[in-house]
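Worksheet: one structure, shown below.
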């Protein structure tokens, strides 16, 4: 198989009883670009958190590169995560590290060579337009700037899979398009991209596979789809 | 944040250090006093020289007796008068007609054996009386035993308390960094990678926290040793020598500090690693 | 004057030297609806934080109802804030309170009658579509749900001024329109609204005064304006 | 989080409580011993009855003398033999020809006045010697003074330490709630509104933290008082009565706990209110 991600009958119940995912079946090919759309609370973030095992499914199997990560051993989890770049909806930057250090961290974790780190981090910060903020701390950044640091960190180690949870939620349209450019480029280089988004403009203009989620179920799976939900 | 932890270590170790300083000395003094306990065997005034020599050998033969020493009546009186302090002058009459008998002084191998030895000694001929400060010695022993037990309980309590306090403080500082640890893990850091800085931090914290207690112990013991030492020596009480005490206690404090620091740090990190 | 908000030559330098606002002059009339647009890092959030004195200007004067709040005494600040509803870009919910309690808090602060509180909170939660989540805690909500709680809290005590920092950043278009409906209604009732946003659709469809911010300066001030920055 | 604070209070107050228990008693005992010190004025053997009566009045006239008591030579010997414990039997000879003189025993109003009184008494006629355990008394006084000072320093240190530890812990728990406090303020809460729950929390924490220490003090003092009390009474040492001690100490501990709790809590909140 060249399936990067496969889900088989995945269910997720949160400890308080909320059923966030109700039987997801899905397969995403290596190099595909998939939008996840759906109303607020549909389960997009929950779906995404399954892929890098921030959450374990209550039921079902999730294969990343043909390995079932639902039954992955704890010690193996970090190695899974290193193959997946993640843009968090709430950014999750390390508050005591500068912008530079936050991005570099993802490379230090994989014990990249220090000289390599420097060059690569500067390149990526340039891509997201934050070279001038490299010495700032997260709490000294605007919302959109924090979001871009999170994006920079997710792509810095060139992961084969990129997962982005609403990566343009705090960005103006112009900056959003810049980011989409970056995503397009790394997608062209073979990176699988899963992106949860509310941005109708982007989904409609840059056509890719669209996965509609509602009430924790896949209600639409459309190649070259549009955002849908027209008002 | 780290300041909070270092100062918790400092505070705890100051208490532990001062307390240990006192305890070690009390323990030594108690030991000294114990080993000073002796059995006095009073002899019949009419005992002959040869009988006396036989008795000495026989006494020496009693199980657990380590040393037998003869104390003449004169020596005995002097000792008695000495123990009365400077009221001695009033007793000049006594020296003319000494009412005390001659005696053998026995030392036992272990202080606790005094009582058994005394019971045997009293059965020999020509022995009029055997004294070992009955009651007094027994009370002294039980006092020392109680004091030691109380001391051990206190020191364990104090240590436990310190560990608890320090761990508590460290935990609070690390809880504040919970999300930090979780983010690291989500970005692909292994447990070891996350733990490492916390290990170092715990170690540094522990060692730094033991600096003030060590200095304090040194200063306080120097003062105590050189100021009180003399007075106490007059009362036949010897303190643990300055350098022995300070060296041992310093090492002990650093070790305790480092151990608790590292343990508290790693222990607090542990539960946030499970993501 | 019936000016709700007046800024005179307002400058803001952050402690690390970043100049976020460079001489803002502005007046907003009672009952106006103003969009603040501009690229990421333009100073929108900084501008907004000035109005309820989360930040003090480095230089200049800010009048709310003709009172200069730059020189307001500390004890008076809470009473200023009670007249301003605020939707924070990063939500700022109280983590140990439920959704219900978070919204009710804004009423408890002004010592509203308990029975009033209950009714009013339920009404507002209904407006933002979160009645079913009232017992959840913030960390049990999706991003969009948290944002809606923040919105509910900001309007619950019917403040004469509403300030919203990117209130639809984490919402799907449909929910965003719902929120805009709510805003329109309270604006019709006379509430002054200042809304920083990246949402081109909304700005272009629901026309209001548009304030373009760039590099900490007002570069455009247009009645019934559009989002601008066409690509 | 609150558990951390309560247990910090508990730990600190246990130490303070036990220590105060000991200190209060030591202080009482020291006072008792001090007021037991006396001056012995030995009389010439040849003194006449009338001379003796005059002397008694004169001694009574010395400044600061509170009480003058006659001690016959026989009484004196008995006291001496008693203090030698059960070696008394060996001295039966002494009782036939008592070498001790008659004496007056003086008590002073304040124990520190002993020395001055002794110096005056020695100048009267028919007084052969004056004893007040020279050296011993002086050493006892300086020992008591040192012990008291050390005790006060220790208790202050312990209290300071406790306050510091507790404040530290409370601060950490509240730092974790910094954003909570800030959000409240941003939503229009007054300082008083924000502070109120923290005041209550500090109070409850302090009071809850003092429960275990109080129970512990009660149990420990009950044990100590009823087990050691008897033994100590034989040595003429009286402990502070159980109920007095427990009542006072409990109130003291609750008060300290509540004060520190409230103070630590409000103090930590204070700096986050400035938004």
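Residue numbering begins at 1 within each chain, and the chains themselves are lettered A, B, C and D in the order written.
What we mean here is this: a residue touches a chain if its C-beta (ideal position, glycine included) is under 8 Å from a C-beta of that chain, and two chains touch if they have at least 3 such contacts.
The model shown is predicted, which means the values in this text are computed figures rather than measured ones.
Chain B and chain D have centres, each the mean of its CA atoms, that are 24 Å apart.
Centroid to centroid, with C-alpha atoms defining each point, chain C and chain D lie 65 Å apart.
We define each chain's centre as the mean of its Cα atoms; on that basis chain A and chain C are separated by 29 Å. Viewed as a contact network, the protein chains form a single closed ring in which every chain touches exactly two others. Chain pairs that touch, as defined above: A-B, A-C, B-D, C-D. Contacts from chain A toward chain B in the complex involve residues 52, 54, 74-75, 77-79, 81-82, 86, 88, 92-96, 105-106, 109-110, 153. Against chain D, the residues of chain B that register as touching in their complex are 1, 4, 7-8, 11, 14-15, 42, 80, 84-87, 89-94, 97, 99-101, 129, 131, 133-136, 139, 158, 161, 164-165, 168-169, 171-173, 175-176, 231. Chain A meets chain C in the complex at residues 14, 16, 18, 37-41, 44-46, 89-90, 136, 140-145, 147-148, 165-166, 169-177, 198, 200-201, 227, 229, 231.
Across the interface of their complex, chain C is touched by residues 179-180, 183-191, 193, 274-275 of chain D.
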